[in-house]
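Below, subunit A partners subunit B and then partners subunit C, in two separate complexes.
Showing the complex of A and B:
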């Protein structure tokens, strides 16, 4: 067992008796992991506690809280998952007060794999592993070096690969609308491949991720066509930061811009067209 | 309170993508892809993403149906299999084994399809075996 895994296990063993259930990854058949609810009565299952690859655990918490409101839970979360939980709480999807966060700081290899700018938790009071600096994002840098025309050509080409599996929407912990605009025939014609307007699906989803995307990159990872869609989310997060001073997951008390009513004059400050 | 994932193979085609079925309090609650799996590696198509949907669907058939006096009536597997075997036996006796054909399915495993062609050739005695993926 690696030092990191044994440190995580110690932290989990300490917290498990204090809660009704703890969500963390579990080793499964053929070395394939999945999220799991560890329970105090079955602590021996912790033998199978695992670290990587990561899974969207904020969704698991949401599912559990919906079925068991008020249950005292704990979760092992990475930086992106902590951000996901915070944003879900702001949109009334989960109750953060009933979730004990165990922060798992990512390694340099993991951060490089995810092109992650913030591979660490900031709210969790219990943390495991050393906090490291963010990794570079060579894909976004390469994209920024392109001209406007090249960028348009890049996305048109990328979106043509889409097989319309809806996986990016399904796996996204921040996609939680009861009625999904992407199932509206106006944007995405059902029952036809290739879709009539390949970019529309992705651009509609991108707009809906404004000030919501927490850069977990689960969408990219699950995409069977390998579309590097996190590039657009990263750049939109940059714009939201510049225009509204908002960063997902950073400040629990700060409301996201789409939940705010702009005061007079504030709209002009965004630099958006009238 | 229970939440666990069961690793399984997608039932929709012969590719063999693995996926996790999410189990919440004893009921299927959704699908998660299986990262690191040799075929799908964390990806799924739209069918795989919805592979759990039919399980608790009220329209799902849970028993065989036998048409009696023009109406489909629920039956046991023993009844249904006995009827099929009787009628197929009659057809074979009256018209010969080659009057029967067998269609296999891409939703089945290789092993199940193997057993089906074996049934066609060794039990019924015909080479009339085909497969929906060839249609």
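Showing the complex of A and C:
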């Protein structure tokens, strides 16, 4: 058992009696990991506590709160999952007041694997592991260096492989609308492969991820075609921060810009004419 | 490109009246912009713009009331927030962001309307057609149902 895992187990064992349930990953048969609800009455299950590969937990919390409103929960979350929970709370999907966050800081290898700029939690009061600096994102930087024609050629090539399985939408902790624009035949044509251009599915999704994407990279992980779509989301997130000073998951009280009217000085940054 | 296909989404309260003003003053401007009147420029969602491109438009214009003059108080704030982001997305997709044009034209600004249309049509003339950029054979037969 690694040091980090035993440290996490100690933290979990300390907190488990105080709550009704605790969500963390569990080692299943055949090396498969899945989120699991650990309960104080079955503390022996903690033998199977696991860390990696990560799997998004915010959706599990939403499911649990829907079935058991007001239940006192705790959750082991990484930086990205914490951001996911914060953003879901902002959009009234979960109630953060009843959730105790146990932060799990990522290691340098994990951050490099995810090309993560913020592999640490900021709101969790209990944390496990060393806080490290963010890793570089060579893929996005390489994309930025491309010319306009090269960018289009890059995406044409990537989206050619898309089989429109909707996996990226299904795994996304920020895709929670009851009525999804991607299922609407007005915007996204169904049953055509390869996808006609411009790729409505990906562009509409990228637009909907603006000021919402928490950079967890689960979409890329789940994609059977290996499309690096997070490049677009991350670049858009950079622009949102520049224009509206909004960073997902950073401040719990800060409302997302799409819910607000323009504020003093914001208009100048949008680059629109006067 | 001699005859660019341009769709202009004009807000009913300012820009559409601005077009009327330009027409009544007999101002001359290129005829390539097909005008769609909408209740508010905030009505124009990014999906709508993207589908317009998908259907083969070379350029899309969104014209609304000046900030602060919106008939619905803050409708055009949505335009001001969403459209610059969409321009960025087009840029990151490899589509020329100049193909999407946003400006504010009030009911009295007939002259500005004519100059905005002329300017945008000229820009579109300098760019290759969208169908060429997006592989012509994929674009043509596949108009959405």
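Just a few scattered comments:
Rule of thumb we're sticking to: the second predicted complex is superposed on the first by the 257 of 274 C-alpha atoms of A that agree within 3 Å, B and C clash if a C-alpha of one lies under 4 Å from a C-alpha of the other, contacts with A are read in each partner's own complex, and residues count from 1 in each chain.
Here, a contact is a pair of C-beta atoms (placed from the backbone, for glycine too) under 8 Å apart; a residue touches a chain by one contact, two chains touch by 3 or more.
Everything numeric here is computed off the predicted structure, so don't read it as measured data.
Legend: residue contacts after superposition of the two complexes on their common chain; A:21 is shown touching subunit B, with no touch to subunit C. Contact with subunit C, but none with subunit B, is seen for A:270 once the two complexes are overlaid on the shared chain. Within the superposed three-chain model, A:30 lies in touch with subunit B and out of touch with subunit C [touch as defined at top]. In the superposed model, A:91 lies in contact with neither subunit B nor subunit C. Contact with neither subunit B nor subunit C is seen for A:9 once the two complexes are overlaid on the shared chain. Look at A:72: by the touch rule set out above, it reaches neither subunit B nor subunit C.
Of the two partner chains, subunit C is the only one touched by A:181; subunit B is not.
No residue of subunit A contacts both subunit B in one complex and subunit C in the other.
By the touch rule above, subunit A contacts subunit B in their complex via residues 20-21, 23, 26, 28-37, 39, 53, 55-56, 60, 63-64, 67-68, 71, 163-167, 170-171, 221-224.
Residues of subunit B touching subunit A in their complex: 1-5, 7, 18, 20, 22, 24-25, 29-37, 40, 42-46, 48-49. The touching residues of subunit A, when paired with subunit C in their complex, are 143, 148-156, 181, 185-187, 189, 192, 196-198, 200, 203-204, 206-207, 210, 231-232, 235-236, 239-240, 243-244, 257-258, 261-262, 267, 270-273. On the side of subunit C, the complex with subunit A involves touching residues 46-47, 50-51, 53-54, 67, 74, 77, 80-89, 91-96, 102-104, 133-135, 138-139, 142, 144-145.
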